[in-house]
């Protein structure tokens, strides 16, 4: 039998049956970073200092994208998210932005994909707003940082 | 005045006026990679060898996501994409998958974000289908590889 | 701390955590009116008398929009609406239409925004179908009429 | 009073109140077939033998469409689907494909429309991918095969 | 090379390049029928006679679905539809409804899928509104009736 | 024949044929206001002064909603918007906010509905973010302020 739960034993894609899984409170935190030239970061921050719209736009885009996860990822279940938050911090040591997203649900399936989709779209939005001045930006390190709830309990990525 | 074209001079977000830009044929190619454990890649490939559904699902998800770009990225213009293709290649040296997406349009604005959204969602879909066996996957190096058309002409990222 | 529940204490937008709120039956009724010239109303009603499609189209649009509320309003939670109804009544004293919408859910968060979105889109649809003959229409008085359920219990706007 | 539950006694469309219905596990299976020329089927299968993408694309499209049912069918309630699967089998006796879809939910309303929407869109996707070589294809026999759960209990269409 | 235009020569799905196709006016007409018990049809018509909402709801659903075709069918191009109309006629000889949809565009790719999606969703909506009284309904004969424009010119299905 | 262009002469809804209309540059500006208690406005502004997120969130929501107009309003044509901007100004004389939106397109049909949808959803978003402290808010005066382009040329509402 397949260990990949989204495929049947014959390899066909399926939205797997979660009806027997326990309904527990589940939380996931994902992270990513957008790496750019120092001048690009400074420009973003000078704009940010005035009005906050680069960061605010990326935050809203990330939150809204979390709600679209099941429309984007073919085998994800629809979920009643109870909380979504997105954080963006400038980090001159990259230089660029560090982005984190938290998603929470009381349900039968985890919210990793919702948190990962939120950080991805927040990063793409930053990219979109800054691409006129920098074609060399990269989105790096999209991954899961922490999860709680579900059969496998709590898990946290150790510092590398 | 702001160099960030998606903000007014006062810093407010705006979907910028492209009505005076020339309608030219525009192409963009974006790339990314999903890095995983060797066992995860092997499992994906054993499934893939049989039925192709992990890769096929990610490819379809990427193509469909390109068409949703303007719904996800707040300040992107709607576009009549004339072509979208997504390529996924296993690479044991990562180990993982290398993903590329091409988007094409005849229009007044570029298609970088469409290509970048396609690779991002294709990678997230791979992640989703493999996450049951590997929590340490990372999506890395989402960026623009090449673009053609528009005022700035052709551009290609040099090998690093 | 902020009294605006959709902002953190630092003012950033967040889809607030409702996971500790009680799951109760919640109902909201919203209202609005479209004000137009008397000839416009008469034309709409003459069409309506025959086939009902102006009003029927606006009603369907309102019901469908209620289901899209969380896609439109960035910080709204997705909800499993258990009922949506939209009522449109011609009122020669405006002249125009009075519109009401009712939304119902068993959940952890209220349905005001769903009812308000339903009346707004029903009104916009009336506007769209009649705009060829009247550019001076106005949508007025979109507001909450009544709500039940949730921590704050029942509430009804008093007649003004 | 109207026997059509989606209309009020006056005939207006409404998303009916399901808040008093029991939350039970509900399953529905729908079926359909795409009838084509024998050469078209052979071409699809020769492609399928190599890469599987015609069938894989239609399967993914069907699964994703099930999640969009409430956006497409005006009076359908949003649902938290717990499983969706789509099966496509070539049948030279048609000649063409037989398609089945299963949808499952724990909820207050049935999932017939979700299963029917999944088979319909899977068939439309097959049609789209094969239409360049055959304009005479027909989608036939979209109907409910079986349902379980809800007030009316289990039901299965008898062989005709 | 593959004769299936939505697959590459290696069989992978792709949204094919239409950028070199001529921009012409294109029209497509699709048809389908919903077959039901005579009592079901009579009930629908008695409701229809009063208020028109069964038929009006299905018509609106079909028109709106045409605009969603590229979101539903993975390899369809987005299009700027210039006209969509849906017709529903009761036919006691089925008994049931005959449904036709017309889609029109000035563009580089045909509108068959838009017309086919419109009739399919109009039929599904009729089904949804009548399913409480009839589980044996079937949607039959979804197919293309006529197309104009594009390289292959005009085509009309002959009466069978 | 019907003067309502979205209905046939028999009164059925249709997405009207615009294929013979000239492709011209079209602009529309719509306006609305959200009326609230003075304390509510002050609270919004105190938050705004710090971070701008109430206003920024409503602006983004309005811009994104303009792109969804044809999904919300059943008979609206899809459009390639070339610009969308949303302005929100606090006005203590209401007290509340004045909202304006501009939409622009080069196309065969006007953009009034896009501008009206943008202001409506921007207002609904303000409402959503402030409703915890004020249930008596009203959205008033949604209407067209100005339009350019198309057969009827330029038009501007006179001050009342």
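Residue numbering begins at 1 within each chain, and the chains themselves are lettered A, B, C, D, E and F in the order written.
We take it that a contact is a pair of C-beta atoms (placed from the backbone, for glycine too) under 8 Å apart; a residue touches a chain by one contact, two chains touch by 3 or more.
It should be emphasised that the depicted structure is a prediction, and the values quoted were computed from it without experimental measurement.
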At minimum, the number of touching-chain hops separating chain D from chain F is 2
Joint neighbours (chain C and chain F) are A, E
Comparing which residue numbers chain E and chain F contribute to their contact, where sharing over half means same and under half means different, the two sides are different
Top of the farthest list for chain D, CA-centroid basis, is F
At the largest C-alpha centroid distance from chain C we find chain B
Per the C-alpha centroid definition, the whole-Å distance linking chain C and chain E comes out as 31
Expressed in whole Å, how far the mean CA point of chain A lies from that of chain B is 16
Residue numbers in chain B touching two or more further chains are 12-13, 51-53, 56-57, 60-61, 64, 68, 71, 74-75, 78-80
In contact, pair by pair, are chains A-B, A-C, A-D, A-F, B-D, B-E, B-F, C-D, C-E, C-F, D-E, E-F
Chain A partner, complex, touching residues on chain F are 51-53, 56-57, 60-61, 64
Listed in rising order, the residues of chain B that touch chain A in the complex are 2-7, 10-13, 32, 43-44, 47, 50-54, 56-57, 60-61, 64-65, 68, 71-76, 112-113, 116-117, 120-121, 123-125, 127-133, 135-144, 147, 155, 157
Per the touch rule, the chain A residues reaching chain C in their complex are 25, 56, 59-60, 63-64, 66-68, 78-85, 87, 104, 106
Interface with chain B, chain E side, in the complex: residues 8, 12-19, 70-71, 74-75, 77-80, 107-108
